[in-house]
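Letters A, B, C and D name the chains as they come in the text, with residue numbers starting at 1 for each one.
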Amino acid sequence: MAEFTMPSLGADMDEGVLQEWLVAPGDRVGKGDAVAVVETDKAAIEVECFTSGTVGRLLVEPGTRVPVGTPLALIDTAQAPAAQAAEKPTAEARAPGARTTRTRGTGGAGAARKGRAETPAGRAAVHARVRAPKAAAVPEGLPAPEPTEKAAPPPPSAPPSPPPAPAPPSPPSAAGEPAAAVGPLVRHLADGLGVDLGSVHGSGPGGRVTRADVAQAARPAPARRRVTPYARRLARDLGVDLEGVHGTGDGGAVRAADVRAAARAAQAAPERSRPAVPVRARDGGHVPAAEAAAVSGEGARDDGRQREDAMRRAIGELMSRSKREIPHYYLSTVIDLAPAQEWMHRRNRGRPPSARLVTAALLLKAAALAAREVPQLNGHWQDGAFTPGTGVHLGVAVSLRGGGLLTPVIHDADTLTPEDLMATLKDLVRRARQGRLRGSELSGATLTVTSLGEQGVEAVFGVIHPPQVALVGFGAVVERPWAVGGLLGVHPVVTATLSGDHRATDGAIGARYLTAVDRLLHEPGDMPGSTIEERE
Amino acid sequence: MSTTRTPRASASRSRSRSRPDRQAAHRRDLLHGMLRVRRFEERCVELYSEARIRGFMHLCIGEEAVAVGVTEALTADDAVVSTYREHGHALARGVPADAVMAEMFGKVTGCSRGRGGSMHLFDAGRRFYGGNAIVGGGLPLAAGLALADRMTGRPRVTCCFFGDGAFAEGEFHETANLAALWGLPVLFVCENNLYAMGTALSRHQAQTDLALRAAAYGMVSWAVDGMDAAAVEDAARRAVEGVRAGSGPHFLEMRTYRFRAHSMYDSDRYRDKAEIERWRERDPVELLARLMRERGELPDETLTGLEDEVRAEIDDAVRAAEQAPEEPVEDLLTYVTSPPAEVNRP
Amino acid sequence: MTATKTPHADPAERKTTYREALREALRDALRADDRVFLMGEDVGRYGGCFGVSLGLLEEFGPDRIRDTPLSESAFVGAGIGAALGGLRPIVEIMTVNFSLLALDQILNNAATLLHMSGGQLPVPIVIRMTTGAGRQLGAQHSHSLEGWYAHIPGLRVLAPATIADARHLLAPALADPDPVLIFEHGGLYNTSGDLPADAGPVGLGQAAVRRPGTDVSLITYGGSLPKALTAADELAGGGISAEVVDLRSLRPLDDATISDSVARTHHAVVVDEAWRSGSLSAEISARLTEHNFYDLDAPVERVCSAEVPMPYARRLEEAALPQPGTIVAAARRAVGDAPDDGRAD
Amino acid sequence: MSGTRSLDSAEALTVVRESITAVVPDADFTRVRPHDRFRDVLELDSLDFLSLVEILSEQAGVPIDEDDYPRLTTLADSVEFLVERTKQYEQSRR
């Protein structure tokens, strides 16, 4: 006995419809004889058999769609007459031209459904996909579902059998839901939250849907921030929380620059109201330069942060003490810088940049000379009394790029020529920022000068560094209308301020000091140490 | 490549025989060659129906005389460029049946390591430059192979098979002109089976005398009864001689017919059953066998012997193909470009 | 025809043109290997449609400098056959638009034979053709279809953009056992410049960083390279440091060089004269998201030709093509510096 | 200043950036758009700026006077200035 199977009739053929039998059981067939018509998606084709013999049972009735390889008929190769058992398909079943799978439904609805076919008893031998068993447990009496799977037709030899009990589906509301795995409480919760249980992934034992699952499903997904991938990576690396980062990119997207800015802001935030104070450690001593230096190396980031924290604590303590102990008074005056700058430009002209002065050097020089003239502001308040300084040792507040500040000291600043003062200033600032200051260079200041004006503000009223008794502030050099001798012109001007310790001096002393600064800056060439070169 | 086996290993060909004997022996060789192709193709139908061979497969049942007769006229040095209906050309050319069968099974022992399939049989060693599945696509290739021979002074012939459908392609006309213009040693063999897939010659060509049109390019051209193996061989020998002698490309229109569908199965709606039956009466295998019987050259036992031999060869080929390993998937990307070692990277 | 040495020039460098460099490369190849021959429409007596092969016929004769009929499919296919037959053909196709007439041969044979034959039939052919617009040649002579070819496994696709590459890519292309397509942008033939004496054969498949930069990577090739370099200049003037990557090989793409560059700059602009839909620029952009997603600080920008058949009129053609200005604008968008941004202060 | 040669804009940009980096080692150029006042963005004080002028002058091989300071306000200005100045000096040296 050989099987005649659904042939593969083309590269794209996986199944075909047996359209018509060209032979009947008992017919003699030879190799190459056409025995059936098979309909593919492209055409109806007469197919041949490859064995000679007698046609036995026909296993598939016309109109049936079966996969390639499905036995369609048996061919007895033993030269014997066809087996009587082989029964032709019924006339009904052989209705020619049927293009779709035949249906024999239980009712009108069923019969009309395309692709529906019975699965009679004894179909085990046929290639049939089996319906999923899940429907079996559901109550009877509901409309038959429309099966989507293809069922094999009955073998022609099998007696017609009543249709099997239809397998009704679960109630629609529970479709796709593991009925046994949802408790009433959870169901109630889901109803209340408007959650479709069918879409909830159960995380409980055996895939049980838990209340947490429902709650999770109900929670609206947080609006996703627009963050570039690189910015996201950078934020992770720098420990920046993207929540608070303002995005400047397209559509508010957070870009790498925004993350960096946020990282800097996080570092700089505590020093927004930067006081002009020298840094001291908690024991009252100065913060060692090496420790206080801003650390920018990647690997030392944590160390650097700790040091910054220590510096902030030190500044905080010192300033608190200052504000707690020192009754401050504040003075300010606007000084015309035209003569000083004119003098400086003349002096700088033709010099290489390395030999040039900056305005700050003149301001420091004036501040130092004025302190010599008004010594009541130059010294320390110790043990309830003022002790004048032994020289004018000018503390210069230097802000560090990584945050924080240091106040290196220019000793005997009043005696230095502008050039020397400039050189010293450059050296100290450079080394302060490199973390290369020596301890002695951080101690012994008798008066501190801060010049936040470099950052663009017009006036700074600083907090005195105990035990000093005054602090001089210079704002930005700005151009302003200015009258000289009854004539109005545009002049560069600077606002000089003085914070004084009311325990040591009164405002009048302070006023005298600022007046001296003003005068000195009006005659820069007359400042000691300035005249020699001027005369060349 | 698998083992080399001459197609007619057992078909003795004795040179000591008398001329009529020699002719008879040669006829038996031709019959053997055609039977071999015929049975191979028939086995392919079965294997395809069982879905053991897949893809497109174009059988040359009915056209065996052309494959066997033309190849008979070529030497081992000559080159063959073929089409997607090339099982017969490959087998006649000496590509072993098991290598061809294994190729269709997609096995590593296939003549293209399973990468070509039915339409892309290759055997560089036998100068078989493939099944080309683009109608007309092999023609320029043949011209180039011939050009290389021309430029290097090698007295070789490149034989290019193509169908009547290629006559509608520009590549045929471009190549015919180029080959004639440069006097290239190409033998153009047009297998005119009257249909370009399902479109009859008269429905796709204004002038259906193909040899006449080829002659217009300045090539020696003539039409041949493609169902008569001896006539095919005779014409091919004369043409090859002319090509090899340096008189430029030659063109042979082989009038033939395929008995089966274009590719495996079709409903033959485009041609008459009666037409097929008429042509079947001129079945090239039957035609030759009849002649031989008339001449008393084909006793039943001889035919049975040939059939047995052919069946054994094909059975072996199928068995070997079934057992052969598949190319590992890890090697999927090999042969896309040459191995790096061969690449001269400065 | 050889490049003439300018007497006062640095002896290490020679003034030459892209066209002459190509010709020298051809001459070298023809001299070095008897199997090499040049074939194509009007490569012989005419001297090549763009004058590349001028003078070669006289030196090498009509057999090796072979004029063909206007039969792209036949002569490209014949080149493939000749390669199978042991020769090393260089086939010239006048323009990439014409190559479509030979697309069957290039794709179905040249690119496919090695694989289809299970490794038996490598096809050592070199196919050169002109590509690109900018010369008011209209819609059938101006397209940039090299990206189509770069889609095809089995081919190598090169686009020499510099004189040095014009001079030195041919030899390795001929040495490669597989088909190599060389795309010469028509706008480059007259480019003149110095050919460094120390420039030698370049590895196939290697991109080149033509100008280092830190802010944005301009990834380009062929005729767009000079535009990208001009754009980079302009960007530098505006404070943006652009790196210019010359792909040189469109298939395979040098992923490492592209990826490295973008990993450093975090911003990428792909400049490709081809259309953008389904294009090489799309491929590069996709690869950047595959390889550099977490490096990207902005969406990848693309500067491509307008999706229009190339118009004839100069103004329209210029508007259709990538220009330094559009590249600059794209780069600014990428780095978040809108053109007028920051000028208010 | 013996090494003065004209700079193209790319080289000039490199010089400007390197000079700024020498003064402000951790300068983050992603914050500085071409037309931003980099002194403000990078918080260069007058000493820093003087150092920058010193280094720029050294690197480019051209003198930079105080009168030129206003032209060193943004990256774009600075590049333009350096290209122009180096060109002048190269020409004047011929």
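Just so it is clear, a residue touches a chain if its C-beta (ideal position, glycine included) is under 8 Å from a C-beta of that chain, and two chains touch if they have at least 3 such contacts.
Values in this document were obtained by computation on a predicted structure and should not be read as measured data.
By number of C-beta pairs in contact, the leading pair of chains is B-C. With centres computed as the average of Cα coordinates, no chain lies farther from chain B than D. Chain-level centrality, scored on Cα centres against the all-protein Cα centre, points to C. Look at where the CA atoms of chain C average out and do the same for chain D: the two points lie 38 Å apart. Mean C-alpha position of chain B lies 78 Å from that of chain D.
Between chain A and chain B the centroid-to-centroid distance comes to 66 Å (mean Cα coordinates, whole Å). The set of chain A residues touching two or more other chains comprises 256-257.
Under the contact definition stated at the top, not a single residue of chain D touches 2 or more other chains. Every pair of chains in contact is given here: A-B, A-C, A-D, B-C, C-D.
Those residues of chain A whose C-beta lies close enough to touch chain B in the complex are 5, 7-11, 43-48, 50, 68-69.
Looking at the complex, you find that chain C touches chain D at residues 211, 213-215, 232-234, 236-241, 336-337, 341-343, 345.
Contacts from chain D toward chain A in the complex involve residues 24-26, 28, 30-31, 40, 43, 45-47, 50-51, 53-54, 57, 63-66. Against chain C, in their complex, chain D makes its touches with residues 8-10, 12-14, 17, 29, 32-37, 74-76, 79-80, 83.
The touching residues of chain B, when paired with chain A in their complex, are 45-46, 48-51, 54-56, 263-267, 269.
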